[in-house]
Every structure is written in structure tokens, then in C-alpha cells.
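Structures follow.
Shared chain: chain A. Partners: chain B in the first complex, chain C in the second.
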Partner chain A sequence: MVESYFISSGLMKSYKALNLGKLRYLAIVVGSEEAYQTSKVIELLQWLEAIGVKHVCLYDMEGVLKRSKEAILEKMSNTTVFQEADENDKLLDQKHMMLEFVSFSDGKEAVAKAANLLFAKYLTSNNSSEDQEGEIFTEPHMTEALRAVGSGGPEPDLLLVYGPARCHQGFPAWRIRYTEIVHMGSLKSMRYGSLIKAIYKFTMVRQNYGK
Partner chain B sequence: MKKDGRSRINWIFENFVTFLRKCILRVLSVGPIPEHIAYIMDGNRRYAKKQNMIEGTGHRVGFLALMSMLKYCYEMGVRYVTIYAFSIDNFKRRPEEVQSLMDLMQEKIEGLMEEESIVNRYGVRVHFLGNLKLLSEPVRLAAERAMVATANNSKAVLSICVAYNSTNEIVHAVEKACEEKWEEISLLNASGSGYGLIGLECIEKDERENLIKLIDIEKHMYVSIAPDPDILIRTSEIGFRHLLWAILNFQRNHFYLEKKRKQL
Partner chain C sequence: MLFSLSLSLSLSLSPTTLTSSPRFKFHSCPHVLPPNRLRASSQAHHVILEDHGSFAGAGAAVEENILPAGLRTESMPRHVALVMDGNRRWARIRGLPVGSGYEAGVRTLRAIVELCCKLGIRVLSVFAFSSENWFRPQVEVDFLMELFERGMRDEMGSLLRENIRISVIGDSSKLSRSLQELITRTEEATKTNCRLQLIVAVSYSGQYDIVQACKKIAVKVKDGLIEPNDINESLIEQELETNCTKFPYPDLLIRTSGELRISNFLLWQLAYTELFFAQSLWPDFGEVEFLEALKAFQQRQRRYGGRDF
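Now for the complex of A and B:
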């Protein structure tokens, strides 16, 4: 706690120059009861904007944040909402901060919806008596199908959990294969210094990705 | 005489440590004990480097640590343990490293089938989860033999993820669910009651989007043999005190997490 005070007041020089190159996509999981504190969420987003994080995914299990989307966007100038269609363009856009709003229904239930899309393709291929089975059920096709059903955001590099337990509460499993998960404590006791420290630690870590 | 004395002291010390541990576990058991603990076995190479060991020894030491962990878990009454031993992504490592890992795996799997092994001592049924076709034949055969050999054990379950990764598992489960649904529809069609479902044109749009349900996919997941993990531990160095800490944390948050689970 003392350390985070020092970090916030700019006394620790090493935290000043953050190299955000590794942090392409940041996800925040908030406990649904705490998600009602929209002002706290907005404060957190403002801190992230100040730090220079450009792409943030906000998740809470019940979709409280989804419902508060308008209120959040109103208070944040210079932000846009993540749209699947222009994903590639917006990711390169450095001026705006991009927000994505996700809830539990974008996890397992979205996989079931995507499965139905793949099933339709499977039926078509079976009917045309071509053996394409190996080409339908692949990971890229699944990613595409998830995008088609509206739950296809990018994979976060870092996931910060604001809640009583270190639990991602159903964040879509498809997207967090290599994600670093850090528990930040509860939202109401969030500190700028702790946020900087978590991001800094992440940027200093060497990921092997299995190799 | 001196040697005798020293080994006697060692014996007393070891038994004392075991006794202490069993006391601690008994105290812990007053609170909720997780049903399922999962381990991602990470950090073996880093450990070997730190201790200046030759490459490859880290994995052997890691295996010993794992065996101790399993012993503590089963002593505590944890019914399901899952370990993430080898990822599909690990095949990208240097061929010599992959081969030595495969050899180690085969050696340890065969060890599991021995009489005095931990799985037989605690009545553990072993499952290998993953795309086993990607393994070399001797390893795959050893794994299949181990599954058959322990099929009658019923006190606890050990799931070992090899040639596994989560996205591969999800796609596999979806594929199996689709194949199953196709067979179901074919049978219905054959018996004349399919309403031409194979063509799909006659079905209402929302029915079409709902043919495959989540439950159909979940039952084809490799991990459906066990309930969801209560605790997931990613190791860098692990000993009894880390497990203790994890269990205490679990107990502290148990009430809150159960409430969240019931909300689903």
C-alpha cells in the first residue's frame, strides 16, 4: 500500500516510463455488485487512458457494465466502442481509446451459438458428399463463427480482476489461453499505484507461449 | 554407531513432520475442502536454470514435487486432481527437448502402473485428456494401458492433460456434438420422421440456431469426467505451504464463490 502511494506520487522513476508495446489488449473483470459503482469504473478507465492503454475490455458476469455503457461513454471523451466489423482499423487507431463490453453470455453460450453455425456448414458439406469435415472444425473457423455471433473480441494479454477473489467469473475461455491474470482486490479500494505496478510487472515478464 | 544415530534422528524427524502435516490437514478439514484442484505445471526449466542443473532435470524434480502434492491432496480428501502436463504448444520446442519429455512421460506413466505407486495406494483412477493421437505411439499406448489398469479404482481421480490445449478441446467437443446431432437426424430421417431436417430449409430460423445446445457440447469435453476445478494453481515452485495457502484462500472465498455459482 505504501509502495502504491510512492508510485502514484511519481517518486519511483522506474514506473514512469512504461513500455506498453506488449500490452495490446487489456481486460478488466469486475464483480457484478461492484460494477454498479459506475463512477469507480469510469475513474479506472480514466487512469488507464492516462497511462496510455488504448484497448480495454470490460467484463462483469451479469452484464451490468453492458447496461451502463451509455453512462460510461458519456463521461469518457475520445472513446469508441469495439465493433467486430472494423476491428482491424480501430485497433490501429491511436487517438481513441476503444472499449469492449462483455458478459457471461459471451462465453459458453456464445460457443454454443457458434457451434450451430458450424453445424449448418457441416450439414451442407455432408449433403454435397464432399469430405470437408477436417476443414470445418478448426480453431480459426471457430474464432470466425464467434465473431459472427457477436462474441469475437481479441485475446487479452493481461486480465485484471477487481473483486474479492482471484476468479475470472466466466470471462470467455476461448480468449484467455495465454492471458496473464492478476488479482487487484476490490474495486472500492483500487489504487492508481497498484494499477501501474501490475501493468509494469506484466511488461517486464518474458512469455514463452509454450515454446 | 554414529550412522545409526543419525538415521534414527532422521526417522524421528520425518515422522514428526508427517504428524504435524496430518494435524494441519485435520484442522483444515473443519472448513470446506475443495473437491477438485487443478495444477498447471510451470517453471521446471526456470528452476533447473536457477539451481544450475542440467537441462531436463528440472522436469524430473518437478515430477517429484507433483507426487508430493498429489499425496497431500489425497490425504486431505480432495477427490479430483487435474494436472496440465504437456500442451500442444509445447510441441513447438526443440525436437530433442520434446523427445526427452516424451521419454520421461512414458517412464513415469509406466511407473504409475506399479503396485506401490501412489495411484494404487490411494485408489486413484487415471485419465489422460487431450488429443492423444498427437503423441508418439509408445507414449499413447502406455497412457491407454494406464487408463485400463486403473479403471477399477474409485476413491479419487487423476486427470493428466497431455497434448492438450483449451481451444483444441472446445473445437473437438463442438465437432463431436455436431457428429452426434447429424447421426440423430439421420436416424430420424431414416425412420421417416425427420421432416426433411437434413435439408434444413424446412426448419424455422430459431430452431436452426438452436439445434446444438450447450449441454451437448459440454458432455463431449475431455474434462467432463470431473466437476469444474475449485482451485487452479500455476506452479513456479510448490511445496506444502503453498498448497496450504491456496486452501486457506479457497475457504475464505468459498461462501462468495458458491453464491456466484448458484447465480449461473
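Now for the complex of A and C:
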């Protein structure tokens, strides 16, 4: 807590210059009970905007944040909503902060819907090769199918969990293979200094991706 | 504190003694009893687990089970998952070849398996080799494959004596024929063991698991066994490779070496899993940190009022 205060007040020099190059996509998981605290969510987003984070995915299991979308966007100037159609262009857009709203239905349910697209392709395929399943059911095909059903957002580099439990509560599993996951404690006691520290530590991490 | 004193003592010993250090006094109960019938005292400050060697013999005396202070038997996680990270770094720090790191890691795994047996944990899943690990230098991959094969062959006796069931998940088509056959034999030989189920993920990834589940469903649809309208996330869950156990969803995931990622392990299965990221490199991971992770899990259970996800 003390360190968080020092970070917030700019007294710790190492946290002053954050290199956000590695942080292309940030996800925030909020416990669904805490997600009703729209003002705290907005405050968090304003902090992220001040820090310079451009792309944020907001998740809560029950879709409370989805339902609060209008109220959140109203308070955030210069913010757009993530549209998958122009995903690549938007990720390069440095002027606006881009928000994505996600809930449990974008996780396992979406995988089932995406799988159904692949099943349809498989059943109607005239391909009589032995490994027909192997040609249609692949990881890249699943990624594409998830995009087709509207649940194919980018893989977050960092996921911050605000809530009592240190778990991601069903955030779309397909997207978090290599995501750094940090538990931040409850939303109501969030601190700017803790946020800066989590982002800073992430920028210092080096991943091998298993290789 | 007793635990940390004992741990620092053990660290000064050679790695081969780690699995047999007489740190704790353990009096085991038969693990066929449901957890709430085991005696546990949250007031106990003494303990704990007596080590009879790398695996306790089948004839070990069965006495009351005393848990470390603050841990409750009734809230023990049923399924713990492990990402055993840090073997290579451990070796590098000591100026040893990478293989020494992996071998030290195997010794740590043995100790943790033993601990899980004693604590009444029912399932332990370990991420031994990921799909992405195939891209490591061939020498390293060959060494790891040989280590699996040797380990599995050498431990068969212990597994049978300790009533441990082995299940292997992952894309076995990439493994050598001899390893595939050994896995089949070991799974078959241990399939009725019920004290602890050790799930070893080899050539596995979370995305691979989801896709192979969809593939299996597709074949069943084509064969007329499933109607296309019946396909939902519940059906996918049933076809994931973790369907080899009654408890496919880990209650607790521990990743060592300070990294804060799942790294394509059990993606689908981890939605409500308590994530515990331990600082030690895997070969150094011991009882103290394991018990810390269990305590963190149990504290979370208290916050949720024992809610079952």
C-alpha cells in the first residue's frame, strides 16, 4: 500500500517511464457483483487512458459491463467500441481508446457455436480423404470460426483480475494461452499505484512461448 | 517457524535426499475414507507428515491424520494442476546441463506426488511437455522423451504399491511407438488404483484439447450417434481429454518460477480455478510453498462460503 502511494505520487522514478509497446491488448476481469460499480469501472478506464493504454477488453461473467456499455462510453471521451471487422486497423489507431465488452457467452458458448460452423462444413464436405477431420478441425480454423461468430477478439497480453477470487471466471479461454494474469484485489479498493506497478512488471517480462 | 526451518535444512542437502528427508511426522488414514471423516485439527500447530521414503509402503501404520496449522481437511482441493516451470533456469544458475534441471524436476515431482497422497488430494495434473515444446532443440526434446520413458518404466512398481493411477493426455501420435506402448501398458496396469490419479500432459495444449474434442464429436455426428442440434459446450466438455477423471476441473493451479501465465495448459478447464503463482523454480518447489498454495485456496473457499462452481 505504501509502495502504491509512492508510485502514484511519482516518487519512484523507475515507474515514471512506462514502455507500453509490449502491451498491445489489455483485458480487465471484474467480479460480476463489483461490475455494478460503474463509477469505479469508469475511474479505472480513465486511469488506463491517462497511462496511455489504447485497447482494453472488459469482462465480467454475467454481462453486467455489456449492459452498462452506454453509461461507460458516455463518460469516456475519445473512445470507440471494438469492431472485429476492422480489427487490424483499429489496433493501429493511436488516437482513440478502444473498448471491447465481453461476457461468459463469448467463452465456452462461443466455442460451441464456432464448432457448429466447423461441423456444418464437415458434414457438407465432399472431400473423401481419410483425414477429413484433421483438415477441417484445426486450431487456425477454430480461430477463424470464432471470428465468424463474433467472438474472435485478439489475445490479451495482460489480464488484470479485480475481485475476491484469483481466477479469470470464464474469460474466453481460447484467447488467453500466453496472457499474463495478475490478481489486483477488489475493485472498490483499487489503487492507481498498483495498476502502474502491474503494467510495469508486465513490460519487464520475457516469454519463450514454450520454445 | 517449523516448516521454513525444515525447508532451509533440506535445501542444504543434496537433491537426492530431498525426497527422503524426515521433515514431518505423518500418520496416515486410509484414503478410501471421504475427507470429512478424517480427523483434522485447525488448532494443531505441530505436525505433520512423516516421510517413509519416496513413497510410503503399503504396510504403513494407519493412524490419525494431522494437518499443518491452518489447513482444513474438508476444504482440501480435489484436483490440483501444476505447471512445472523453471527446470532449465535452475540448471543454468548452477552451471549444470539442462538435463540436470529436468532430472531435479522429476525428483520434485515425486515429492509432490507423495505429499498429495498424504493430504488426500484426489487428482494431480502436471504439464510435462506442451505442444510448443516440440520446437525446443532436438537434443533437449530427445532427452525429455527418454526421461519420460525411463521414469514411467522405473516408477511402475511404486505406482502399483502406492495405489496411484496414471493417465496421460496429449497428442500421443507425436510420441515414439515404444513410449506410446509403455503409456498404454501403464495406464492399463494402474487403471483401478484409486488413492491418487496422476494426469501427465505430454504433447498437450489447451487449444489442441478443444479441437480434438470437436473432432471426436464430428465423427459421432457423422456416424449418427449425436444429433447436430445436441452440440453444445457441455458435449465439448465431455470429449476433452480430462474426461479420464471424475474431477476434470482443477480447483487450484500452481505455476512455479514466478511466471504468471497458463501457457496453453488446461484452457477450458480453468475458468474457476484458483491461480497461484509461486516464485521458486520447479526443482526448488517444496512443501512450504505447496502448503501456502493450499492455504490461499482455502482462504478463497471461505470468501465464497464454500460455493461450488
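Note that the second predicted complex is superposed on the first by the 203 of 211 C-alpha atoms of A that agree within 3 Å, B and C clash if a C-alpha of one lies under 4 Å from a C-alpha of the other, contacts with A are read in each partner's own complex, and residues count from 1 in each chain.
Methods note: a contact is a pair of C-beta atoms (placed from the backbone, for glycine too) under 8 Å apart; a residue touches a chain by one contact, two chains touch by 3 or more.
The shown structure was predicted, so the numbers you read here are calculated from the model rather than taken from an experiment.
Taken together in the superposed arrangement on chain A, chain B and chain C clash. Applying the stated contact rule after C-alpha superposition, one finds that A:V81 touches neither chain B nor chain C.
Looking at the shared chain after the overlay, A:A50 reaches neither chain B nor chain C. When both complexes are overlaid on chain A, the residue A:L123 reaches chain B and chain C alike. Contact with neither chain B nor chain C is seen for A:M204 once the two complexes are overlaid on the shared chain. When the two structures are aligned on the shared chain, A:G107 is found in touch with chain C, with no touch to chain B.
Of the two partner chains placed by superposition, only chain C is touched by A:H183; chain B is not.
Applying the stated contact rule after C-alpha superposition, one finds that A:G170 touches each of chain B and chain C.
With the contact threshold set out at the top, residues 108-109, 111-112, 115-116, 118-120, 122-123, 133, 137-139, 142, 164-167, 169-170, 173-174, 177, 209-211 of chain A are in contact with chain B in one structure and with chain C in the other. The touching residues of chain A, when paired with chain C in their complex, are 107-109, 111-112, 115-116, 118-120, 122-123, 133-134, 136-139, 142, 164-171, 173-174, 176-183, 205, 207, 209-211.
Across the interface of their complex, chain A is touched by residues 87-90, 92-93, 165-168, 170-172, 174-175, 177-178, 181-182, 198-200, 208-214, 217-218, 249, 253, 256-257, 260, 263-264 of chain B.
Listing the residues of chain C that touch chain A in their complex gives 130-133, 135-136, 205-208, 210-212, 214-215, 217-219, 221-222, 228, 231-233, 235-237, 259-264, 267-268, 270-276, 296, 300, 303-304.
On the chain A side of its complex with chain B, the touching residues are 61-62, 104, 108-109, 111-116, 118-120, 122-123, 126-127, 133, 137-139, 142, 164-167, 169-170, 173-174, 177, 209-211.
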